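In the two complexes below, chain A is the common chain; its partner is chain B in one and chain C in the other.
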Partner chain A sequence: MDTALDPAAPTEAARRPWIRRFVSKMPWTTRFCASWLIVIVGAAVFADLIPGLADPNYQGFLFGDGVTNEGPSLTHFLGTDNNSRDILARIVYGARVSLIVALAAVFMGVVFGGFFGSMVGFVRGRTDSTVMAVVDVILAFPGLVLLLTVVTLLGRRDLVVIATVIGFLSIPPYTRVARANALSISRREFVTAARAIGTRKRTILFREVIPNVLPTLLAYAMVNAAVIILLEGALAFLGLSVEPPTSSWGTMVNASRVDLQINVWPAIWPSLALVFTVYSLNNVGDWLRRLRSVRSAAL
Partner chain B sequence: MVDQAANSPLLKVDDLRTTFTIPAGDVKAVRGVSFSLDRGRTLGIVGESGSGKTVLARSVMRLNLGTNVTTTGTAVFEGTDVLTRSPAEMRQLWGTEMAMVFQDPMTSLNPLVRVQRQVTEHLCRHLNLNRSEARQAAVDLLREVRIPDPETRLRSFPHELSGGMRQRVCIAVALACAPSLLFADEPTTALDVTVQHQILNLLSREQADREMAMVLVTHDLGVVAGRTDDTMVMYAGTVVEHAPTASLFADMRHPYSEALMRSIPRTSLPSHTRLAAITGRPPDLIDPPTGCDFSPRCPYVQDQCVNEEPPLVETDDPTHRLACWTPVGSPEARVAFEKNLAAGLQQAVAVDLSAAPSSTGGVDG
Partner chain C sequence: MGSFIATRLVRLVATLLAVSFLTFLLVNLLPGDAINALIPIEAQQDQEYVAQVRAEWGLDDPMLVRYGKWLGDAVRGDLGDSIVTSRAVSSEIAHRIPVTGELMIVTVIFSVLLAVPLGVMSAYREGSRLDQFISGGAQFALSVPGFVAGLLFIYVFAMKLGWFPATGWTRISNSISGNLMTVTLPALSLSVIEVAVYTRVVRSDLVTTLKEDYILSARSKGLKDGFILFRHALRPSSLTLITVVGLNIGLLLGGTVVVEFLFALPGLGKRLLDAIFQRDFMMVQGITVFVAMVYVVVNTLVDLVYLVVDPRIRKAD
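Right after this comes the complex of A and B.
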């Protein structure tokens, strides 16, 4: 707002690198959440390179090299589960499943949902009603049934299948969000102004509409990623996510269920990871959305 | 052919009507407007907010969006009727032949695009410029619209500029491909009083330098005074008075024009007291009143006004067109006004309180 009124050169703040400007506006909870997300993503990506991180599938007790349901120790920071596997390692590798599924959902949602939604919100008419009718049908279809059908048909239940199905199911909600935004952006004066100087429709869609839809869509993606991670956790808990021994946070909770009276920690650690990640995604997503609405109000 | 094109007006609009179909009914936003504009000339369109000025300008430019719009009549631009052109054919005209400056420079620039690309994008398309040529063209344009330090400004985003600077950028965008007709739709309404004059002067200078025809749309009669060749006063989607600007101000005939004249903002008053002098509200465009549209608000109203719609006809001066049964200054008008005042008609009383009814001299500034 200040800069809008100031006819002079870009302000001091505007000249600082954008990343620092960005971070300096974050409340401390958001900074904490963003750091957690960076840590968890980094750990999942570079899990193989972390020195001293145990093999997540190594069952020490089979080799006389450890006990089950061990408490925290220097060799196992978070202890071991009922198969004497290192919990920390399983959380780190399990994050891969959660994050890949979430990424697949966000990617397919933003790319396909973002494109279709922006396009139909801009062109309207029959294309709009057709695409939105398809979207409504997909939304009405029970996701669990689709997942079970695909898994049964393919006879496998690996990360690719799970991520693809969940990714496909994410397209409709993104389409709706993108369309709603494209509708209002297409009514903004700069779109008319672009037409008034003879810009092609396709160019207007890609240069004027979609770039202005994207920030809102990315804020939505943060919150949606949290939902997907929870969904994957629930599927894993039901035994419908990736097959063992691949670890996933939901699978870990599920597996520790039988020994819950003996040791609750193998269930608590992955749950905490889940809660922190979901909370952080929501927090950062909300912050992005607020930032976005403040920005567009100022424009 | 060439001769004919040189003699015929650049734009000739005939009986243009634009209607929006909404659930409540048909909004008749423009109801039979006719005018013509020669090359290099300027026309001011004046009227209260909601009188159909924007819809008229956008209809001629074919920028009204949506499936609920119908436009009839003709708008012959450089020999062809734009209303029958396909969108692809319109794209040949947009930018290069006709361009528009919008009311609100805050919303008519893409917030995510730097000034340089806003200004040069379509230039590059038309002229096939490379990067450095495009940059130079952008610098030249910004310099032309008097933006200080154009090299730095090229890298700015719209929100880093003040309103006046943004409107200058919008003007640069509109002028980039040297259109022969420019619509300026309330180009200064959203701006500070102090920059309004600068922007209007910039537009006038560009118009004169480029020998470009310009339609200047405004709700403020004071804006067109001394700036346009002709002035057209619109009320409720129709033209009520149309004359060369000088003769309009010297001899204002329509009661609505007179009311607008009285409502020219004085610098001593806050800007939102603008139309205080006109009592009542503009008519419902879905179901307009019978007779004269202005009759519910006119201080000179008499029986004929309510029953019969006054046609837009030439007065004793053929360049001065007027739609009123009892023009301001006529003896009949005076009689009608005295009668309405005696009857305590609200609009007559308001006029009587603010000033003598027919004291419309020139305008200062």
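Right after this comes the complex of A and C.
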């Protein structure tokens, strides 16, 4: 309900304790993880506006301004890489790649996977077996080959292409989760009741089934986003994600291998960013799921 | 039960056919004429020779005809020849399988050996400091990808301590100890996530099992805790563990590509990457279909094991 139109809606001040209560329920690790996620998302979104953040592709040593493989210092908080580029800036801009790819995967998974899964779980029958057969094929098919074919065909490897292919490949798992949930929801009383009063199937699907599948799907999305970020990291590490000089955490880790003997910082920072982000998504996702299961158990 | 197995087998074959056709289709969409890989550009002046080679490799046939031919050979174990090295794809796969296979087996052994005690301890002392520590550690380990763990291990154990070689592979037929040296770090890198997954599975399964009546009755008989844990409680949980190990094979196969790349191991994943970069379409196709086959067969086997062990599924059929 739109609170602005509701005369009984709590005022701004009265509403704040709700968030505070929500946060106070979090264990300190989860609070820390949620803060990290907010920081990293904020940094990625507003990267261009952060004062003092260096240009991620500026190679200072070419202009006699900066050293390659410099350790952490006051001018470069995290040091420079083997091309004398600022590591902090590259990590901030690299977060964009990870987060956009994860967002694309979650969006396509929830919209298409959620729809197909809910539908076939509700209508069952031949549609169900056909769609699930297609899902099985996509799951058995190595995504790497699809990605490389598309990349080679289009002749470019930018963020749009990578995000779309990874998004497409994440539809099947969401379809499975949605279907499993829709199967059990379709057997609930309110669906039977809707059928009994002669509601059209499409209306039942959109009014009863999908709204009840969605919360589970969103809890899954949190954990799936972590998996996608790991996947993009691995692809970038293999040199198969977005084209250089665009920075991506996996690309940075791979590039750091060359000078690992003399300078480990370029390997440490992107690894930490990757691990912390994935850990935070897992941690907050697990916490949300526990919260939900406690609530539904109390009902 | 018979009809269940029959349906599974039909689905297995159908999935494999679909995957092989899709791969064929995709690989054929790739730009570039295979003739350039077969005959050097300079030698392509001889039109007659070019036409002869084209006919020999069936390059001018419609795609469906070529797929039919390829499939007919594939079911007899002939996946064609690499257009870059002209070695048989099947023999190349056979040559690479021991590396990837050993890597995966050692990883699973490492992971199970570590995860079972951790999961058991965690479940036995549910809610304790120890449990929180193990569960928290598992959640963290889940977030460490193979290439980060691998690079850390290379830095610490190869560069700083010099205990293991950083890259390369010694075949087990050449030297058993040398082989163990080269497999340890890659397998450990792959194990980090696997240990976390298995520990979680063992823990959550045991926590439920330990609340069952038969555990209570075993306790009231005065049996030792260790005996109850490993003999009575762990046995039913091992079934879940087998399933998860089986379902994780696909994920592990993907992980081997990255780890083989990092440690420069001559495995299947490395070969697939090389073939992709060289546009060696016969090789890409062969390895893809082979990997898909392993994945689908393992999943079907897991289903069948379940069927044999769990009588409830048999009855439902």
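Keep this in mind: the second predicted complex is superposed on the first by the 274 of 299 C-alpha atoms of A that agree within 3 Å, B and C clash if a C-alpha of one lies under 4 Å from a C-alpha of the other, contacts with A are read in each partner's own complex, and residues count from 1 in each chain.
What we mean here is this: a contact is a pair of C-beta atoms (placed from the backbone, for glycine too) under 8 Å apart; a residue touches a chain by one contact, two chains touch by 3 or more.
Source: prediction; values computed, not measured.
J.: Touch test for A:G198: chain B only (first), chain C only (second), both, or neither?
T.: first
J.: Once the shared chain is lined up, is A:L238 touching chain B (first), chain C (second), both, or neither of them?
T.: A:L238: touches chain C, not chain B.
J.: Thinking of the overlay built on chain A, is A:V145 touched by chain B (first), by chain C (second), by both, or by neither?
T.: In the superposition, A:V145 contacts chain C only.
J.: Kindly classify A:N212 by the partners it touches after superposition: chain B alone (first), chain C alone (second), both, or neither?
T.: first
J.: Check whether A:V275 is in contact with chain B, with chain C, with both or with neither, and answer first, second, both or neither.
T.: second
J.: Please indicate which partner A:P51 is in contact with in the superposed arrangement: first for chain B, second for chain C, both, or neither.
T.: After superposition on chain A, A:P51 lies in contact with neither partner.
J.: Touching chain B in the complex: which residues of chain A?
T.: Going through chain A, the ones touching chain B are 3-7, 9-11, 14, 124-125, 187-190, 192-200, 207-208, 211-212, 295-296, 298-299.
J.: Taking the touch rule as given, give the residues of chain B at its contact with chain A in the complex, in rising order.
T.: Residues of chain B touching chain A: 61, 63, 65, 67, 91-96, 99-100, 102-104, 106-113, 121-122, 125, 149, 152, 156, 158-165, 170, 173-174, 176-177.
J.: Hey, which residues of chain C end up touching chain A in the complex?
T.: 11, 14-16, 18-19, 22-23, 26-27, 29-31, 136, 139-140, 142-148, 151-152, 154-155, 159, 250, 254, 257-258, 261-262, 272-273, 276, 284, 288, 291-292, 295-296
J.: Quick check on the complex: what are the chain A residues that touch chain C?
T.: The touching residues are 29, 133, 136-137, 139-142, 144-146, 148-149, 152-153, 226, 230, 233-234, 237-238, 250, 253-254, 256-257, 260-261, 264, 267, 271, 274-276, 278-279, 282-283, 286.
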